[in-house]
Amino acid sequence: MGKDRLAAFSDGVFAIIITIMVLELKVPHGSSWEVLAGVAPNFVSYVLSFVYLAIYWNNHHHLVHTVARVDGLILWANSHLLFWLSLIPAATAWMGENFLASIPTAVYGTSLLMPAIAYYLLQKAIMRRQGTHSVLANALGGDFKGKISSILYAAGIGLAFVSAWLSVAIYVLVAAMWLIPDRRIENMLREK
Amino acid sequence: MGKDRLAAFSDGVFAIIITIMVLELKVPHGSSWEVLAGVAPNFVSYVLSFVYLAIYWNNHHHLVHTVARVDGLILWANSHLLFWLSLIPAATAWMGENFLASIPTAVYGTSLLMPAIAYYLLQKAIMRRQGTHSVLANALGGDFKGKISSILYAAGIGLAFVSAWLSVAIYVLVAAMWLIPDRRIENMLREK
Amino acid sequence: MGKDRLAAFSDGVFAIIITIMVLELKVPHGSSWEVLAGVAPNFVSYVLSFVYLAIYWNNHHHLVHTVARVDGLILWANSHLLFWLSLIPAATAWMGENFLASIPTAVYGTSLLMPAIAYYLLQKAIMRRQGTHSVLANALGGDFKGKISSILYAAGIGLAFVSAWLSVAIYVLVAAMWLIPDRRIENMLREK
Amino acid sequence: MGKDRLAAFSDGVFAIIITIMVLELKVPHGSSWEVLAGVAPNFVSYVLSFVYLAIYWNNHHHLVHTVARVDGLILWANSHLLFWLSLIPAATAWMGENFLASIPTAVYGTSLLMPAIAYYLLQKAIMRRQGTHSVLANALGGDFKGKISSILYAAGIGLAFVSAWLSVAIYVLVAAMWLIPDRRIENMLREK
């Protein structure tokens, strides 16, 4: 199986996950400003999750671009990543309905931490096939950005029980940090 | 990343947005003509939004066709467009449930204005890469159609508080204006 | 725009329409055989619509295969077909909930008749571009199968107010008639 | 029609089936641990079905890879497989809502058995075209793994009325058995 098929299936799942989230954005009965304002927390949650999924889609494609041949391990590491990403809409809906409540905010953080770990494992699976001196290994280096993100998600999960505002601020911060596409791989590929 | 991947992902999102709108088209309990007639406002809203999304898909493809190389800015300008388009089903459902109510009609207009602005920014991002004498820049010229649409959407949003009928008429008018695919780019490409 | 893009977007819409129908197949609360049996009408409706959509996907692809160059008319004729197909899930859900009630059965028949007309118009749009002596024109001939289907759908719609059983039987009959892929085009292409 | 189109359409349906299942994973109102814990049975059901669909996607692609030319029979055998797979989300939701109840557990097992049979028929349809000495025929041999799975599903369905725990354990066991991609075909292709 070539990487094109893997990318196409992943694209499909990404496109669906990012779009079905909007199904949760239901305006309740009524047509007043108050009713509309009531959807604001769901809207904020949706925006944050949309940005996260767009970041993952973006970086996922740079990552898959470095793959030469897909093996069984890469395939399952990729499905593992898609599994955790598929939970983001449910976590988003729960946080949107219970905005700034401790447990939903912590669960949302977990729904961000798990794909981060899965993404790390997918990188490992790809590098295992390429060797430690591969383009990807060089490009990632110590993978500082990946590691700091996971630490920040974990901090956000813990802080949700102290101040949910702070947790959400951390989630926004990590998203902002990743909004720039992964220049490391891009640069390495260009130099090659 | 080539433009094919960008087009494929966008295609997926377009296909899903256009299709999940139909999930809102639920006939309530009962099997009489009255029950069916009650869905009419939702149906009208659905038709209008379907036409808008088909127009965007159509023009989006002519636009992407002019792109030679995708950079980070184009990528995010595209995700930004998809974000606003993804809100159309929610706005459609709200307008369908509260047909000709002022606020939902204005919100629906906003859900049309925002993608128009995002589309304009995407054009700018593509032209920035191509230079001001590019095919696209020449094809668009002053982009009269794009500008007049945004003005009409804004007028529709304002008029919703005077006469929602008039707003909907304006939205229909703009759709009719765009039903013809963007001949400007098509023509320029042919002449080239 | 090449036919590949048209086919890819249509594939996406087909895949989503065929799959979201299953969202209507919700087993109500309870875990007894009675509860399960209550879903039977929805299941039967789902099977019928699944078969119809699979037939359309199948024949749509044979049809698109004959297209050399996509123009604006073909594009809109295709979107028009997808629009009517996208209403099948809603009509299926309504018929499933009100099995053998006259109006839902007639509406379901209409949801089958409209795509049949749209498909006919799409064929016309393609032939207009190819000329009357094209492969497609020869393959279709008088398009007996297409015409008889539309007549049968119309008969089914009318008979729904006499005997809904008879209508459903007619819809099943037309599906059976089309289950065989369109050999006419296949044969013409082979001979060429 | 080439196998690429068949694979692309199947990919789309797989991606949607695997993703819409998550729509059933709705956390009910409230933001406590108890509320979250109440979703546990739905989550377990979701994980199991996700793994099953990922296995099918994976093996489906190895299978389609051996196809040289798609005929009408292969096309319908494939649609038949997709039909049964499309019922897994509904069966998953019902089992998730009524965890360890006999009938939903048996119905879930049936929703696993039917695609297994459909997959077997798809293999037959492909081999019929390739001849009995084809790569696929050799690779599958007696298709021990396929046969034992069907027997285990049937056992799980029957045992659901004795001990639903045991049924679920069997479903997990079969999934574990298939988690390894189909090496048989992979090996044959390599040797070729």
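For reference, chains read A, B, C and D in written order, and residue numbers begin at 1 within each chain.
Going forward, a residue touches a chain if its C-beta (ideal position, glycine included) is under 8 Å from a C-beta of that chain, and two chains touch if they have at least 3 such contacts.
Given the structure is predicted, the values throughout are model-derived calculations rather than measurements.
Seen from the Cα centre of chain A, the chain whose own Cα centre is farthest off is C. In the contact between chain A and chain B, the residue numbers used by both copies make up under half of all numbers at that interface.
Chain centres here are Cα averages; for chain A and chain C they lie 38 Å apart. With each centre defined as the average position of its C-alpha atoms, the distance from chain B to chain C rounds to 27 Å. Under the contact definition stated at the top, the residues of chain D that touch 2 or more other chains are 8, 12, 15-16, 20, 23.
On the chain B side of its complex with chain A, the touching residues are 1, 5, 8-9, 12-13, 15-17, 20, 23, 72, 75-76, 79, 82-83, 86-87, 89-90, 93-94, 97-98, 101-104, 107. Only residues 7-8, 11-12, 14-16, 18-20, 22-23, 25-27, 29-33, 36, 47, 50, 54, 57-58, 61-62, 65, 179-181 of chain A touch chain B when the two sit together in their complex.
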